[in-house]
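First chain written, first letter: the chains are A, B, C and D, and each begins at residue 1.
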Amino acid sequence: MRVVIRNLSKSYGLLWALKKIDLDFQSGECVALLGPNGAGKTTLLKLLSALLYPTTGEITLDDQRLHQGSSALRSAIGLLAPGEHFYEGLTLKENLRFFNSLYSRVKSPQEIEQTLDTVGLRNWSNDYVSSLSSGMKCRLAIAKCLLLEPKLLLLDEPYGVLDGNGVDLLEAYLMRLRQHGGIVVMATHHVSRILTICSRAIILRRGSLIFDEPRQEPWESFQRTFAEFLPRGEKWNS
Amino acid sequence: MELLKQTLWVLWKDLLLELRRRESILAMFFFGTLLLFVFHFAFEIPAEKAAEMAPGLLWLAFLFTGTLGLTQLFQAERENHCLDALLLSPMDRASLYLAKVFFNLFLMLLIELVVFPLFWVLFNLAFWNLLPSLFLVAFLGTIGFCVLGTLFSAVTLKARARELLLPLILFPLMIPVILATVRGMEIILRTGKFEEAFSWLRLLIGFDVIFFTVGFLIFEWVIEA
Amino acid sequence: MAGTMQKRGRGRRVTGILALAFILVGLYFALIEAPPDAYQGEVQRIMYVHIPSILTAYLSFFIVFIGSCLFLWKREKRDDILARSAAEIGVLFTSLTIIEGSIWGKPTWGVWWTWDARLTLTAILLLIFVGYLMLRSLIEDENRGAVCSAVVGVIGFLDIPLIHMSVYWWRTLHQPPSILRPDKLPWENVHPSMLIALAVNFAAFILLYFYLLSLRFRVGEMEEEVKTLKLYGGAS
Amino acid sequence: MSAWGFVFLAYGIVWFALLVYLGNVKRRFRKVERELSSLRSSGGLKKNA
């Protein structure tokens, strides 16, 4: 799996959300997408998941250009946005069965039951999604990814709602995904958490790429660049 | 084949949600009957003219009820960004269109099945034997309404003043359906013979076929814009 | 690029002058040269303005259709601007047509508005145009607004023949076609200068239409250029 | 209102409306032309660089 982003920019009306981004993701990478609010992180995630189309430049997955018609490519892309992408009126099992059928994955009810068990939602499997807490909805999103097995997994600030057990669950899954040759791109503000598992960090500011380095142990360059974005007084040891 | 399977799944999802919440079906049903009463008070229809005015009033009630249904059509997709979830998936966008057309058609036919006889009772009309053929004309008209209405429901999905904009765009384009359905029903009521209305029905079927194909092809670009 | 701009600018000025000339000649023919109609008298002269403006209204709707189809197919901003300009001018000509129709109707039938087939059709056309422009103004996102308007443009045009058929059938149902109606051209006893007047006025309207269209199109193009300059100016 | 009255009324409205529209488009033409030339000369605003 290889994702190539060439000269990517996206404008909303008169404002540039992303300006001339060039990136290259290899299999097995876990990319931390960092930056202040409004830096363009969510826009980049939406472009990568083909929910938005670039104003200039292009994104290619395994040398196939991502454009409007590429529905085949989409089955390899997953977007985990906690609290979203589920029908409140359906039960957990119905939601999973529905999305499985859309991705034309053949999963038996037992497999769905078993996946719900691994994410610890077994005894809610017949409840409506509306009755779940946001943390549990995020676990349901993880269950969905477990079933759909995306190659490129995009995450939009999952840490905000997960409890300790949930975080371990998520990070275990991300590790397994990377071992199977998948790519993980996570936009988050929980810097200390993501730095423990990411293989590379990217910092965006006002739509431009200002930092892109693989992780190394004494990471002074990262600390220098990222210091201005930390809340005052917070010091962390990477 | 894949298209049909996905359509059925989306339809299953919509019907399940509707069965549980029953918000659209009840709202549309009571709105339809409410309109009948309002017409009764507004028009003071003398007994002998009731037959002549019945098709017009009935179809007007279905038009407004259908518009109510159309504004609610993508409501489930608006919650939790579920539309993004569908667009994320490799599903064929046209199957979403098919499912929504059938869903809205199903709702409207259900309403018509009840409101038709109710109208007959309220305005104590005779011609009970003509009801099936009248219902067939209304069926063709409802198909035309759903085919075009679903597309415009998607067109105005992210527009401001969505509920006002949808009828404003849809009704002028629905004029052939309105004329054909009402005139067709009127002829049947007057002459009692179904064959008389064939010219209007051909127009109606032409409308349905043309705009079903156009909607089927264009829907993908509209929903992904 | 600049070369073609000058050429189009000059081309536009030429059409403008030609249009003006034809309008003046047309006025002369319509008001002075052509004899009054045997039945309707002087008021029939409104036909020399009414018929050309109907055709221009339908022409502009056809251009909206072409622009919309091209835009949906190739997604170039240029086609969208063409459709938008044609729609704006189309609304103008359609409303003028309706005003003339009712002014013509007043002396001939004594009422400002009759559900005459042609007046009704023009009114429906105006409603579709208004819907088209309203939709575009109510969608924030540029690209989405353009795509949705293009869809209305295409479907509106495809619906015209069906609307025509249903309205004419509906009309013949109610009112048998009388001889003396504004939309029935009195071909039997037509005087040659009447034909000339109609032809000249028709040419005047078409020339004026294309002059206005290319001017409005140019304004649209420049507005687009201003936007890209502001956008790229900032990012370069 | 005599027959000629109606004719002049119709012609008057048509040409007046077209003239007003022409003026409106011309005004927008000049306005956007000025804006364009000012933008081109200053090489684009540095507003959101």
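The criterion applied here is as follows: contacts are C-beta pairs under 8 Å (C-beta built on N, C-alpha and C of every residue); 3 or more make two chains touch, one makes a residue touch a chain.
Quantities reported herein were computed from a predicted structural model and do not represent experimental measurements.
When every chain is represented by the mean of its C-alpha atoms, the one lying closest to the mean of all protein C-alpha atoms is B.
Of the two interfaces, A-C and C-D, the higher number of touching C-beta pairs belongs to C-D. Here the spacing of chain B and chain D, counted between their Cα centres, is 43 Å. Computed from the mean C-alpha positions, the centre of chain A lies at a distance of 52 Å from the centre of chain C.
Computed from the mean C-alpha positions, the centre of chain C lies at a distance of 17 Å from the centre of chain D.
Here the CA centre of chain A is 40 Å from the CA centre of chain B. With touch defined as above, residues shared between interfaces to two or more other chains in chain B number as follows: 221.
Taken residue by residue, chain D touches two or more other chains at 48, whereas all remaining positions touch fewer. Across the assembly, chain A contributes residues 14, 16 that each touch 2 or more other chains. Residues of chain A that touch chain C in their complex: 9, 11, 13-14, 16, 19-20.
On the chain C side of its complex with chain A, the touching residues are 142, 227, 230-231, 234-235.
Taken together, the chain B residues at the contact with chain A in this complex read 2, 5-6, 9, 12-13, 16-17, 20-21, 76, 79-82, 84-92, 220-221, 224.
Across the interface of their complex, chain D is touched by residues 23, 27, 30-31, 41-43, 45-46, 49-50, 53, 89, 92, 96, 99-100, 103-104, 106-107, 208, 212, 215-216, 218-219, 222-223, 225-226, 229-230, 232-236 of chain C. Contact residues on chain A toward chain B in their complex (touch as defined above): 49-51, 68, 71-75, 77-79, 81, 83-90, 94, 98-99, 101-104.
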